[in-house]
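A, B, C, D, E and F are the chain letters, set down in written order, and residue numbers restart from 1 in every chain.
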Amino acid sequence: MFLPRRILEEKIRNMLAEDLGQGDVTTALIVPADGAAKAEVIAKDAGVIAGMEEAGILLESLGLKAEILVPDGEKVKAKNILIKISGNTRTILSAERTLLNIVSRMSGIATTTRELIQKIHKARLKTIVACTRKVAPGLLYFDKKAVLIGGGDTHRLHLDDMILIKDNHIAVAGSIKKAIEKARKGVSFSKKIEIEVTRVKDVSAAARARADIIMLDNFSPEQIEKATKLLKKEHLFGKVLLEASGEITAENILAYASKEIDIISLGEITHGAKALDVSLEITKSNTAATKRYAVKPLN
Amino acid sequence: MFLPRRILEEKIRNMLAEDLGQGDVTTALIVPADGAAKAEVIAKDAGVIAGMEEAGILLESLGLKAEILVPDGEKVKAKNILIKISGNTRTILSAERTLLNIVSRMSGIATTTRELIQKIHKARLKTIVACTRKVAPGLLYFDKKAVLIGGGDTHRLHLDDMILIKDNHIAVAGSIKKAIEKARKGVSFSKKIEIEVTRVKDVSAAARARADIIMLDNFSPEQIEKATKLLKKEHLFGKVLLEASGEITAENILAYASKEIDIISLGEITHGAKALDVSLEITKSNTAATKRYAVKPLN
Amino acid sequence: MFLPRRILEEKIRNMLAEDLGQGDVTTALIVPADGAAKAEVIAKDAGVIAGMEEAGILLESLGLKAEILVPDGEKVKAKNILIKISGNTRTILSAERTLLNIVSRMSGIATTTRELIQKIHKARLKTIVACTRKVAPGLLYFDKKAVLIGGGDTHRLHLDDMILIKDNHIAVAGSIKKAIEKARKGVSFSKKIEIEVTRVKDVSAAARARADIIMLDNFSPEQIEKATKLLKKEHLFGKVLLEASGEITAENILAYASKEIDIISLGEITHGAKALDVSLEITKSNTAATKRYAVKPLN
Amino acid sequence: MFLPRRILEEKIRNMLAEDLGQGDVTTALIVPADGAAKAEVIAKDAGVIAGMEEAGILLESLGLKAEILVPDGEKVKAKNILIKISGNTRTILSAERTLLNIVSRMSGIATTTRELIQKIHKARLKTIVACTRKVAPGLLYFDKKAVLIGGGDTHRLHLDDMILIKDNHIAVAGSIKKAIEKARKGVSFSKKIEIEVTRVKDVSAAARARADIIMLDNFSPEQIEKATKLLKKEHLFGKVLLEASGEITAENILAYASKEIDIISLGEITHGAKALDVSLEITKSNTAATKRYAVKPLN
Amino acid sequence: MFLPRRILEEKIRNMLAEDLGQGDVTTALIVPADGAAKAEVIAKDAGVIAGMEEAGILLESLGLKAEILVPDGEKVKAKNILIKISGNTRTILSAERTLLNIVSRMSGIATTTRELIQKIHKARLKTIVACTRKVAPGLLYFDKKAVLIGGGDTHRLHLDDMILIKDNHIAVAGSIKKAIEKARKGVSFSKKIEIEVTRVKDVSAAARARADIIMLDNFSPEQIEKATKLLKKEHLFGKVLLEASGEITAENILAYASKEIDIISLGEITHGAKALDVSLEITKSNTAATKRYAVKPLN
Amino acid sequence: MFLPRRILEEKIRNMLAEDLGQGDVTTALIVPADGAAKAEVIAKDAGVIAGMEEAGILLESLGLKAEILVPDGEKVKAKNILIKISGNTRTILSAERTLLNIVSRMSGIATTTRELIQKIHKARLKTIVACTRKVAPGLLYFDKKAVLIGGGDTHRLHLDDMILIKDNHIAVAGSIKKAIEKARKGVSFSKKIEIEVTRVKDVSAAARARADIIMLDNFSPEQIEKATKLLKKEHLFGKVLLEASGEITAENILAYASKEIDIISLGEITHGAKALDVSLEITKSNTAATKRYAVKPLN
């Protein structure tokens, strides 16, 4: 998910622009135009840091100097300094909240992702932990990238990615077999085909129609077990990736994970992640007064 | 926070465009271009619904018919139908995820807000529950509006709203008194002035300098009590609004709320709100086949 | 200057969006969401009306019904009704100021233009009255169109229009002759060439180099007369259009206009035009109460 | 109204882009691609300068060097040099008109504002002079900022700012009292409430309902006096700010201003301000010829 | 590649806006504002039609009525009518060129694609004909969709699609094996991995590292044969898709196609396709005169 | 057609953004974030180079260093190096395809243009070779500029340029005479008037009505000869420019060119031009490994 910084910059600047409205009126009144400051972005809780690339781009595009002390993906403790900033005080204060909102959302998602993965690893499993498209609306890039930084799988990046045949598509096509055939006939050779099934017996129909991945949607752990047994019996197991999805949370994830399941996907990674608390502290500021805009006072 | 729908439509369409990329390839392969369907958006958990205006605008701007069954701000139970949709099947399926992401985020925030307010009300208090600018980056409008729908206070809508003098501004100005004076001298008559204080004794300096609102930042319940006593002693109580902020959560909110505190603000309303689970079900679809783009098969 | 309405709509909507910020908070608090109203846009001063096409597009694009009673270019008296509007009350009130700002600026320019033309006509002259590119920044389309509606000439619509060789270009090229030759060599056959001269004697150099138009920049009426005599003497008069420009105002325009001068251009038409006063009155409104967003009151 | 320069830059670049169309054809034909020049922006009339920040941002964002000689808000005489520019000649000439249009509009507004304020000050009054939202459409930021630089009050920055209840809102609500109550019930604690009244007797209703500011709309000086007397009589004077608005011009402003009136607002500041005349002169240019795009001539 | 029409509309409207500049001046001068017309879009050459969906969206979004007579993907002869249009004459004439440019480019690409496919089919082969990312810059969506309509494969839709490891990536990674391993380790389960090889012997390394697709870049037909023999010998044939690419044209395509080659990709489909000639004829027009903008003539 | 680079940059960046989607996933997986490289853009065929200004702007705006070795308009042979690039490897690889698409399209058009001009010159004629508005949709600026670089005439840059009265306009106006009169009455003095005629006899009507240019639309060489004879006979020859257009191709251009014809215009220059083949080669790369985003492996 590499974007040249000028492209990323535009996405981020729109976020800043919304927050600014017609400008930071408080800062304009109190902070001199030429004041300079040093500041630090500090983690207030422990977690996995994400959003450092975005933070750096935002700061540098505003003419501020930014020293990133913690790379994306690294674990920090509370009070760790993440970024050292220097430059125009007004600019720092005006961008503060947007900067923190980006870092705290992305780090919150990365932290949640990492915790889930570590549960899986502790259980000596290799199941992939993936997010879904259940993101904050408009933040597909940022939320998916935070999952990636946390160590998770991004799943489809958007609707032009992999074919994912859902229940509504199957209903329109008439059957699992017909849906996969219809898709295969027109799909580019460059894309995989995944299909969502809701009943155990549908797993073999999907595998026989040569889906690349089968999503076991809202299957209970017992149904998952039945499904893998069925595939083994029909000598289809191992010829298709299996993804468990639906109703899975941080609490019950180990009930769903197993050697037979290749991927577990959860909306909760992005829809339920709490932002990681981060703050910005001015550590030094130069307050040379300026006299702009002054009308001679009445004497 | 009223926006004419054409203005809102543009914000929402950008969200949809990101999710679409070069288009919904799955739907294009399986669903005929002229297919029509009926669908329902259904709550999968109980909560306070928000985002109905936005959902309606998104659907109608895409040429779909939308019947909103639950007004913004209403409580629903799991399985309640929120919206009935009819129109082109491809369009419904392509917009589904963006639609649900908007409704689930906004409803999650509204639900969290309402729960906090009800705690306050049960304690027979009238303290205002407000959000902050700690939103998902770029979603200032949507997150603030969801708080409003939940019954909360939107606080500053962006940086050109009310003057809010924070610790960093005070540091630059030299003192609470100087900061407020500097702000008052240049501020428009149309704006209120709020100042953030971090020590009990600063409360009387802020009140004497005639701030409209004092934010008690990271004060413990004990400090808050001391601060109000100090103001009463100095006959300044009641002349300024008091806002408690920092470290306040759903769990401890009642320790901070009291008759003396006018406003409690929490980043958690927006930064920690879990999305409300909603889904879209196709209830009926017309699958007349189309034969577009077909190349004569090899015989 | 015909633009299909969807293209114009986008330019106008950006104006509205800036004025709205995060939305009309007053209207949202007081006017019910479903309220409907009738309103009128009324001229408060006499003048030539412009901006009716733009007003109609703005209103209709917001879902309002608009009946334009006065076509662009028509003279009105104070109290004349220009537009009758009906539709959603919130939408009308939110768009009111942007609507009036467009109509009043464009009508102000059209009125000023018409007055200048009528002075010329009363003096039984046919000199063309043209504007320049001295517009409100970003309003090139609107200001030029208002001049056109007032009966004036739009001159260059932007920098890719006609070649206009100014003093700075001549300085770079070395001489009037070289500048015109350089331009002619590379210019598209589809474009005219105008050159700005600042001294009487330069007029014949410009005419001999076969400029299509000569701009007499900051010439006094006496200098203009000398220039035309010179051209006549050299049998070049009538082979090139003559444009007087610079320091010309509504007061002194007749001193510059003459049978020999084809065009008079003034920055003042757009840079000095006072907006025509127009207002919007709600003539009828339906105030059915709505109960959205209500939190059960504490009892 | 502080905006980081990257945000301002985008607003300004859109203005330039409109003026350029497909590019400056004259300059491309005559000025070599690598030519460099020095230039000066010069005031041609006396006035209060504004737009220097915007000018600097435009120039620097185009890769030109800009030395601002006169800070925003300073008075200049005719012929004063405002900015020294150096860099690529083509770029200077292509941006010239947009640059001048910004500076001349903003300086015109700042000059008008300052003159009004000085009238007030000479009369030994402290009445605030405020603008309205009657700006050139789309130029809300630039027009308001120019007023601020001139020493005036920006009033509402847009519709999400302070609550301003106008006649149409009162009509919908039923009465002044009901309108204010309705607004107060839902409004954020962070916002003031202003109400517009059109009759003397309404002033006390508005004050009793605890509006923060009362706008005396289209009141004659006599009505204003009656209104303040009424408030004094009812012991409400001094508890609410009073704003006179409507029909006030540079000529009659002193008839409206008084010790009792806190604010005078005029649409004329922005709707009637004449642009300040400024020009750009190339003071030095380097005309090294280039031979690009040349097709071998026919021999 | 299904996009809801509102999303497509925006892409297309930007094309129109560029062509319009400040508006269609010819049409504004000659065609009355209220004139209505009927028109037809006609093929002037035989070919496969594409762009009908886009044409319909453009026309309808401008308020015109459009009847599409030929579906995308259908072959037409010269003089066949493609679209019947009715509505405002000015709008039809202003949009004419943009409309025709879209249809003629897309149809040109679809026609070229279809011809290549028919060559393959006549040779009784099933080799997929794919385009590359060699499109007109900015027209990725339109060019790829035209290939699809012609019956071709769209290959990667953009850089976030399938992994495609090119020579430069291999050079950075150190070897084919390392590059594929590095990619596999981090790639989402949802994506295929393709690798480009430039020497016959590299084919087995790529297949052994379990690439999903191997691109034989600039292989001669002889090299392709050697490569498939090598794979067969190593029992790797059939376990990986083979794509021939580079130096392939309409003339030599059959030398490259064979039962062993799954895909042939050509930049020429999009980079070399000649636009199909189409024109728009007004078949009927209503010329009711209008008198707008008229200044009373001098008498 | 000079645009300051910041304006051009935006047009080009939108092209890049479309190709990137959510980012270059291949490069992100294989190329370290801090890797640096040197690369060359190389012509693979002989031709006239265009797009070097655009290429330089794209590269530099992404933070890469670009050395342009071949100026726009210069002929190159196959294997000539056009640009040397150095900088971040990921950025180079992500921008590669957009860069090449711009250069190859523009160079293809410039090459075609130059060939046509050279045919004309070899025939010892001076007829101008012009393009039309038949460009790739959205690429008006780039296609026209490429024609200019090739030595051709850009004709109208868009619809607000010169008046060009086409058959449909004449039909609406009633006659050639009426159409020209109608246009002349309202047109700005700054614009030329061209009219398209389809019959020999119409040429004299157009010339008598004082069109600046007459387009002989779809005239055969014989008809062109008749038309010029007719004009000579009526002493109108030389008073109007003559443009031949329609059905003219590289093959038959000399049949249409003659001393009497001033301009020949062809849609084929832009609609039929084959892209010039160019490629990018990494010549050196620094592959320092980075360890970002790594989750501790399971042991």
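By definition in this document, a contact is a pair of C-beta atoms (placed from the backbone, for glycine too) under 8 Å apart; a residue touches a chain by one contact, two chains touch by 3 or more.
Treat the numbers as computed from the prediction; the structure is a model and nothing was measured.
A.B. asks: Walk from subunit B over to subunit C along touching chains and report the minimum step count.
C.D. replies: Between subunit B and subunit C, the shortest chain-hopping route counts 1.
A.B. asks: Please state whether A-B or C-F has more C-beta contact pairs across its interface.
C.D. replies: A-B
A.B. asks: Which chain's C-alpha centroid is most distant from that of subunit C?
C.D. replies: In terms of C-alpha centroids, the chain at the greatest distance from subunit C is A.
A.B. asks: Report the chain pair from A-F, E-F or A-B that duplicates the B-C interface, where duplication means over half of the contact pairs agree by residue number.
C.D. replies: Duplicate interface of B-C: A-F.
A.B. asks: Based on CA centres, what chain would you say lies at the far end from subunit D?
C.D. replies: E
A.B. asks: With over half of the numbers shared counting as same, classify the subunit E/subunit F interface as same or different.
C.D. replies: same
A.B. asks: Express in whole angstrom the distance between the two chain centres, defined as the mean CA positions of subunit B and subunit D.
C.D. replies: 32
A.B. asks: Using the average of all C-alpha atoms in each chain as its centre, how far is it in Å between subunit A and subunit D?
C.D. replies: 42
A.B. asks: Using the touch rule from the top of the page, what residues of subunit E touch 2 or more other chains?
C.D. replies: Correct list: 1, 20-25, 27-28, 94, 140-141, 157-158, 160-161, 191, 293.
A.B. asks: Considering the complex alone, what residue numbers of subunit C touch subunit F?
C.D. replies: Its residues touching subunit F are 1, 128, 130, 153-158, 160-162, 188-192, 194, 213, 241, 243, 262-263.
A.B. asks: For subunit E, which residues are in contact with subunit F within the complex?
C.D. replies: Residues of subunit E touching subunit F: 12, 14-15, 18-32, 35, 89, 93-94, 97-98, 100-102, 104-105, 108, 133-142, 157-161, 163-166, 168-169, 171-174, 179, 182-183, 185-187, 191, 267, 271-272, 274-275, 277, 281-282, 285, 287, 293.
A.B. asks: Contact residues on subunit A for subunit D in the complex?
C.D. replies: On the subunit A side, the touching residues are 13, 16-17, 20-25, 27-28, 33, 61-63, 90-91, 94-95, 292-296, 298.
A.B. asks: Subunit D touches which residues of subunit F in the complex?
C.D. replies: Within the complex, subunit F contacts subunit D at residues 1-7, 10, 71-73, 114, 117, 121, 124, 126, 140-141, 144, 148-151, 157-158, 160.
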